[in-house]
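Below are structures written as structure tokens.
Next, two complexes with chain A in common: one pairs it with chain B, the other with chain C.
Presenting the complex of A and B:
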């Protein structure tokens, strides 16, 4: 089902996005350094017959956290929250002392080892999982 | 600059009660323990874990100091259950006791915990630091004494480890403000514990996240 590959960003996009509305920015200006296999893996997997291997995630910033230019991502179900956190931190160029938190339902932080596929099953709607992210100094 | 969101002790107790109600529904074994004069109290849970096993660190790399593990490699490694079984035989079971108390001085909840092997040997502060989940290690190593220290339990008077509360407002405020904007009721304890718990091996089941929103829909 290759509907519109440009609506969901699979990787540093090779296909021109052409301003579909769901990705906010055209490929050339999106990522300075393509985070190659962080939350998104090279699009070599074929979408399986029944279960999609990837799920759509919509990232929303909370508070003063910088907003990601690309908000919609296709992510493998087995990616952990920790993997996603690392990806967003790199994308936003946060320093190591800054902690990034991800929330489902806007208020609950899943544990770092939680897989996004499970979160999608529990909290996804309209074909996507909405995750809020917030940067903070965490402890001390 | 947003005003910090503090909670009063009564609110703390109310949110704990709601939290425990859900805990009872799913058999998560949190309970409320009143202090001797019943003026206050705390939430408590006992929990067993295998040291260096599956629960605390999925990379199982805490012994290898791989804080600079390239992300590519991390994703190539699937969660390998066989590795976990091998290490389980050589490692030991640890009993964790988590307490959630209210801090009047910080006006936030605080997580106290202690850990011991089944033979009663307590874990040291160093053991605890080493057991912190990989993803929090960097921050911990920058200031271990600011993060997890050992203190006297305010009610029991025994030594416990404490996750320092002074930055709690910093990470709670944006979340609470954000939820307020959309008139969503948030259980402070649930949110807070979901954030701090994983640092010390305490992971809340996902159903807690749904419990809050269900309360909104079914206003009894």
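Presenting the complex of A and C:
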């Protein structure tokens, strides 16, 4: 595959308890995002303290949508759903015209400009936000 | 219960007198007159402006027309926000009518979502309803409904049918007798003083000691700067009752916002029934 200048930082998958490696989500330099999402700087350490800048997201495929090799991601709170969609599409090598839907609680599809941090606050459990993704509308 | 119904009707039938003017930059074959419309506060711009679109497209050539978008004093208007929210955030202190500029080119990709069809509006609306029920009932009530019930909610909104909408929505506003309210209150607080999007957090309607939480309690917990008398921030607090099943902030002016003398029981005044 043609490698664009990527700034994704890959931590080697950990074999310790916790399973898959956590990776930083980098900004798409070419895809415009709604203004509410902040750029993620690669290599940023999470500041100590109660409010972590990043939250953990677990991505689950629905139906015959391709499964991401890495399912667990540490994502900036201000990243938007659209930003996440663009990232997943790129990771799965989907073409831009293909649609991707993201669902919370297997019940609703948040607005593309919705921040993942807010979703985590309201719908996260066990320290992570579980999101289902699908190439077609799974839950209407 | 009767005065609650009056409040519900007042909210549903709230209107904003609006004047739509075509942007000067648009290419027209002849002069376009402004178009006046009463906008429903509880609806969405792209759902209620077909006539506006037709009116201006009559004086334009097909090749100069692409997706319509709206702007107020330089700010692109997010169609996916309820109309009343947009007005209260941006224009409530200006004289009526609300003057909105209409555009058919140079869609601001960074600021606005596209609205490809009425289906997109329906999908967005239903998603908001589902998100609210996820907070209120762990999605149990909305998931138990049939598809035709969901459709009725949407049709009620689309066709401005209060009774049609509330026949279904009332089920989403119920809670078991043994509980004192919903699991969590769906709310969003929008502030005019920041670029940040809304505040939305988990908030229980009842305190540990069984007391009903008030609006003041909510503010103190999720937006403490709002109740700081020294803060210059003007908070727009909306009570857009149950639309779309979220308590949106209601506008309070500077000092009265901070005195918090408004002891509205979240349930009694706004969400009961």
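Please note the rule applied: the second predicted complex is superposed on the first by the 92 of 140 C-alpha atoms of A that agree within 3 Å, B and C clash if a C-alpha of one lies under 4 Å from a C-alpha of the other, contacts with A are read in each partner's own complex, and residues count from 1 in each chain.
The criterion applied here is as follows: a contact is a pair of C-beta atoms (placed from the backbone, for glycine too) under 8 Å apart; a residue touches a chain by one contact, two chains touch by 3 or more.
Here the structure is a predicted model, which is why all the values come from computation and not from measurement.
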So in the superposed three-chain picture, is A:96 touching just chain B, just chain C, both, or none of them (first/second/both/neither)? first
Looking only at chain A, is it chain B or chain C that touches more of its residues? B
Based on the superposed arrangement, let me know which partner A:136 touches: chain B (first), chain C (second), both, or neither? first
Contact-wise, after the overlay, does A:63 reach chain B, chain C, both or neither (first, second, both, neither)? first
Contact-wise, after the overlay, does A:107 reach chain B, chain C, both or neither (first, second, both, neither)? both
Determine, under the contact definition given at the top, whether A:122 touches first (chain B), second (chain C), both, or neither. both
Interface residues of chain A shared between complexes with chain B and chain C: 35-36, 104-105, 107-113, 118, 122-123, 137, 140
Chain C-facing residues of chain A, complex: 32-36, 104-105, 107-113, 115, 118, 121-123, 137, 140
Quick one: in the complex, what on chain C touches chain A? 80, 109-111, 113, 123-124, 126-128, 130-131, 134-135, 139, 142-143, 150, 184, 195-198, 200-202
Where on chain A does chain B make contact in their complex? 35-38, 41, 62-65, 78-80, 82-83, 85-87, 90, 96-97, 99, 101, 103-114, 118-119, 122-123, 132, 134, 136-140
Interface residues, chain B side, partner chain A - complex: 2, 58, 71-72, 74-75, 78, 133-136, 138-140, 142-143, 146-147, 163-164, 166-167, 170-171, 173-175, 177-179, 182, 184, 186-187, 190-191, 194-195, 197-199, 203-204, 206, 208-210, 212-213
